[in-house]
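In the two complexes below, chain A is the common chain; its partner is chain B in one and chain C in the other.
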Partner chain A sequence: MTSTLNRRGFLQTTAAATLGAGLLPGIARAQGEPLGVALIVPSPFGDVGWSHALAAALEPIKAEYGDRIKVTKLENIPEGPDADRIMNKAVADGNKFLIAGSFGYQNGAMQVARRNPDVSVLHASGFMVAPNFTPFAARNYQGTYLMGMAAAAVSKTGKLGSVSAFAIPELVSSINAFVLGAQAVNPDVEVSVVWVNSWFDPAKEQEAARALLSQGCDVIYSNAQDTPSVVSVCEEAGAYVFNLNSSMVKYAPTKYLGCVATDWTPFFLQSIKAHLDGSFEGHTAYLGLAEGVIKPMDWNADIPADVMTRITETQAQLADGSFHVFTGPIARQDGREAVAEGAALGDEDIVAMDWHVAGVTTPLPN
Partner chain B sequence: MRLGGFRLARRDRASRKLAVVAPIAALLLSIALNLALYVAMGRNPVAVFHAMLIEPVTSWSSFSEVLLKMTPLLLIAQGLAIGFRAKVINIGAEGQFILGAIFASAIPVWFPQVTGAWVWPSMIALGGIGGMLWAIVPAIWRVRLNASEILVTLMMSLIAAQLLNFLLVGPWKDPMGFNFPQSVIFPLDATLPLLFPGTRVNVALAIALIWSVVCWFHIQRSFQGYQLIVGGLAPQAAGYAGYSQSRAIWMSLLIGGLAAGLAGAAEVAGPVGQLQRSIASGYGYSAIIVAYLGGLHPVGIVFSSLLIAILYIGGDNAMVSAGLPIAAVRVFQGSLLVCYLAAITLVRFRLIREPGGLRA
Partner chain C sequence: MIGLSFILAGMLAAAMPFLLAALGELVAERSGVLNLGIEGMMALGAVTGFVITFHGGGHAAGFLGAGLAGAALSLIFAWLALSLRANQVAVGLAIGILGQGLSALFGKSYESMTVAGLPKLHLPVLSDLPVVGGVFVQDIVVWLGMAATLAIWAVLRLTKLGLIIRAVGENPAAARALGYPVIAIRYGAVMFGGLMAGLAGAYAATVYTPLWADGMIAGRGWIALALVVFATWMVGRVFFGAILFGAVSLAQLAAQAGGVNLNSQLLASLPYIVTIVVLGLISSNKRLLKMNGVASLGEPFGP
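Now for the complex of A and B:
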């Protein structure tokens, strides 16, 4: 992590320069003009998934602010030179609040923030911070821990699987939490992971789900996939399935284990308020059950009542902070100790997680 | 060819006036059709029209992006057109583009701390070599085994995309990149110098324009260009004249591969600044359209690459400024090509009513 920051030091320097200039975002805004909010995402908004959740979160805000806010939604923008241009164009058009909905927009969005101190930027899943640039991420691991408990309770084979997008820390930590949750119910579960290296590739996702099912997995975790492909394949095959971001229960009416939904509305609302009153300040926003951003829902009725009671209790403990998912002892895949007995991982270790816990059978690509 | 009660007959002599009027009529027709569509969608047609076609050429920041977008299209299309005129149909420029990008990236990936003024020119040169190497395979298959270069070049593009994937999830992945399939960010000396400060237009545009002049000389003034054209128009006449067909195939594919490789190198060393999967965004395929829109003529291609670039940038602008969904943008781009092709057909052919055709 440290070496990363060194290597990208030029951006930090520029961020510091912006701070030194003492420019306050939002102050110079013309009175009476609506605030332009632009959302840019890499996949189609569709009916479900990551991009859908981001877009849906703006609806209640539109309802609350009415004419005082104007939302521009830009979907299906590939991460690269086109995204950089489109973000610049959105800002040139007068949008003062930019939500960059993918890790891959990081460099371009940071440049926009640097050149336009009066623009506030929220960036998904990144690690860079500037006075007008806030990276945000959901503590999905809190929700996947609960799903792991449910998965272990309904699994007959003791084999669980995950179809996952990219082997980045955000996804690795949510898989690890899934495994730890499952082990809390059945210490012998095994978890296999297939990395499809895409956020949005229905054909590949289906293929990966079928491969896991044929290996005997009977609960599948669709990890950061922006299509319901994995969910509908599992319904057909009679395996339980759950996913992140938004509910896909209509694609698996009988086998839907539940959803680790994300509700970005409270966070977006708070950030837009801060921008409007000039108090927006770049910080790392890592949001979970406590902030109401992570919302587990649509639990399957097949989950045994005693396990469901435990899940509800654990959820309350995670929300009030009396329990932490990554509490030791936790062993790595190769048997080495990852977290000592009684210790708990800090946020800085969770957001940089590049190892699997014991119980994951597939190696982590490196 | 029969169309209902009509038949297409080749005109004895294509009308010069029509050749100029037809593309303009096609442009106007597709604009009218699409404005009607936007009205039906409840959008403000004036705002869409302005964002899509006026703003890209009147605002310098948008026009500089047009020039940036035009650069790879121009480079590749000029190279492809040489082959197309000789009837060597290389549709695998996308793969040659990817190989160019990979070869150019080798320097900054292997030597991430590299500095020196020689770095970017070497990357561009390596890119050209990479594109040519990828085009050697279909050339050998065509010359030695008589395998269709259309199929082989297309399939080589699929292989190139997989090679790129392999490098990015494997050996060339940025060790500090949080496991994302992308290379290290290139150091400053491994990126192209900018032509106009404050924009992203880089020296690749100058290279593309010089390349266009070279292509013009090649077709208009060189014996070799003449041989290639004769080989395309009348293969048997070329054979009697002693022009080697296999030489024409080699030349066509190598020049096409070189141009696409240069463009790939310019893309990673230019606006992208690292090797990533999104570089394979279809320039190689769009350039085929550009080449034919430009009438396979070096001067025409300069204009057609500019037009297609304006449509891309204008489409993105319309999405941001006029709230047009991306699908409607694609419909406009597609309908323009359809109208143009219909217009061009009517320049070369005329419709004749078949006797009794109406009954059929």
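Now for the complex of A and C:
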């Protein structure tokens, strides 16, 4: 089951934390040793991408807490026994707050949490929950819906493409939202998806982007890639491109459509604060525009003004909950009804999405 | 068909990292040395080439530095495997891992940075042909790679040096009895292999995908190794196999982009399946296989 953060409570605590650095409840505890925060990620931090976004989110927190927290960043840790060993060592070294930045760390991180009840763990994209273990994920689909609107508006061919890593629900739902957003502006768009079946292979990603461009796609969605491979090849070929996590505008100064950026700072800040005042409670944190975690940015100036206005309005509606991306009627690729008229998909259906909406030309791998 | 011209235009460049690395390995194996460290030598070459190009050294200097870096790493391998007569498989694996580690270390501050690639050269008439015209729009390295293929074939097949290299791989004791410095020749062949692997890495990081990312070689060194075996140590077949692999890799992506109703995991495995089946079929002649196999491959030789 999925439950989201209580938004009002969240805003209050965040505001309190942001406003009153001197009034933080953690202060009493922090008088002794600083709180050790360890972040472990599967890829290099780099300048862009998923791992970069996680690491960058800790910077404002470091600035705010000063020497009351001590951040340890561990990059390029392969999932498996290595990660388990390194997480155990991080905790043995005195870190009491662990951020496990990849799905594959789940079992190891959960073991650490069970063995050390005084340690709080945040785990990316998982499904397991414990009193001191919170899985977190971003509602990327909210941002890709907005990007879809922009993509349909700037596309001349009406053909959009996506270079995607693996056909897992998180990526599938973000592609579906992209299609739905595009259809809201131009109902006739076609979307092709190329699965490279690899989390990390810049050369193959570029080949996939070129394959899409050769089919006439003129807007490319670079889906969950940590390198600028797709973005730079699109700039070179004169096709619009956008990506998730962190901005790559410097790799495509003219053709960068925008970025569905993730800013984990509010969530990390709130969780660290909760840990310090002893109120940390494991729950499923599915975070989006409302929590300020999803942040669309760097919109291209080529997006027509009227569409940009619609995008801004839609973004506000998604944030305040008056509009939901997966609101019926939505048809599946094969024409069957996916969501009935007037109904909206629940979080548990979104996180398990294994079907494409109508408008996607590529069949979904099983 | 849009897909076809896309595949034809891209297959030579896609094949280049495999081709260069595999040709180098072929020469090393022909002399009787199995170097499993190709992946690491490619990675080290990739980062060296990238860093030099990034700092304005130009592509030529980048390739040169990459080749030297690959050769230097293979020198360590050669010293351990040939002079100290350590197990070639174990040393090759270790050196490969060392190369990947070094590449991550040197590339640390260049993560996700990009450089400009090389321009594609248009040939008169040929490049303007319909459908196949794309084959003749390539960067200079592709043409140099073709020339290198031909040169390596000619050296191995037609020259005395080639005969000596092959003799050393076939029967090192006999070669020594004839007065050839077996170990020195093997050193040379291994370092040539390292040089080519370095060039292959530079091509991957400064021309084909002009960016640096740790781990970007992504197993291509292993594919090059496999190509050498499936091509039964023959230059022509390595060339053909590399291009076939490149073409099918692009074809599966084009098929997905075009909405072909086939499972993408199956499509993704096609390059491997097709290359193995095709090279397996042409290499199925037992007599030829026995003739081409390198008799002393992987065996240490010494007094």
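Please note the rule applied: the second predicted complex is superposed on the first by the 335 of 366 C-alpha atoms of A that agree within 3 Å, B and C clash if a C-alpha of one lies under 4 Å from a C-alpha of the other, contacts with A are read in each partner's own complex, and residues count from 1 in each chain.
We adopt the following convention: a residue touches a chain if its C-beta (ideal position, glycine included) is under 8 Å from a C-beta of that chain, and two chains touch if they have at least 3 such contacts.
Fair warning: this is a prediction, and the values are worked out from it, not measured in the lab.
Trainee: Using the overlay on chain A, decide if chain B and chain C clash or can fit next to each other.
Mentor: In the superposition, chain B runs into chain C.
Trainee: For A:80, decide between first (touching chain B), second (touching chain C), both and neither.
Mentor: So A:80 only meets chain B here.
Trainee: Output check: A:365 vs chain B and chain C. Expected answer is one of first, second, both, neither. What do you get?
Mentor: So A:365 meets both chain B and chain C here.
Trainee: Once the structures are superposed on A, label A:349 by its partner contacts, choosing first (chain B), second (chain C), both or neither.
Mentor: neither
Trainee: Is A:92 contacted by the first partner chain B, the second partner chain C, both or neither?
Mentor: first
Trainee: If we overlay the two complexes on their shared chain A, which of chain B and chain C does A:167 touch? Say first, second, both or neither.
Mentor: Both partners.
Trainee: According to the stated criteria, A:192 is in contact with first (chain B), second (chain C), both, or neither; which is it?
Mentor: Second partner only.
Trainee: Looking at A:232, would you say it contacts chain B, chain C, both, or neither? Reply first, second, both or neither.
Mentor: second
Trainee: After lining up the shared chain so the two structures overlap, which partner does A:47 touch, if you call chain B first and chain C second: first, second, both or neither?
Mentor: second
Trainee: Once the two complexes are overlaid on A, one stretch of chain C runs into chain B. Is it 91-99, 109-117, 127-135 or 145-153?
Mentor: After superposing on chain A, the clashing stretch of chain C is 91-99.
Trainee: Determine where on chain A the residues touched by chain B overlap those touched by chain C, and list them.
Mentor: Shared contact residues on chain A: 76, 167, 197, 365-366.
Trainee: Please give the residue numbers of chain B that touch chain A in the complex, ascending.
Mentor: By the definition above, chain B touches chain A via 61-62, 65, 68, 165, 169, 176, 178-182, 185, 200, 271-273, 276, 278-279, 281, 313, 316-317, 319-321, 323, 326.
Trainee: List the residues on chain C that touch chain A in their complex, please.
Mentor: Per the stated touch rule, the residues are 2-3, 5-6, 10, 14, 17, 104, 108, 111-114, 204, 208-211, 213-216, 218, 220, 249-250, 253-254, 256-259, 261-265, 268.
Trainee: Give every residue of chain A touching chain B within the complex, in rising order.
Mentor: Where chain A meets chain B, its residues are 3-4, 7-8, 38, 72, 74-76, 78-82, 84-86, 88-90, 92-93, 103-104, 107, 127, 166-169, 172, 197, 354, 365-366.
Trainee: With touch defined as at the start, can you tell me which chain A residues reach chain C in the complex?
Mentor: Residues 43-49, 76, 161, 167, 192-198, 200-204, 206-208, 210-212, 214-217, 226-229, 232, 251, 361-363, 365-366 of chain A touch chain C in their complex.
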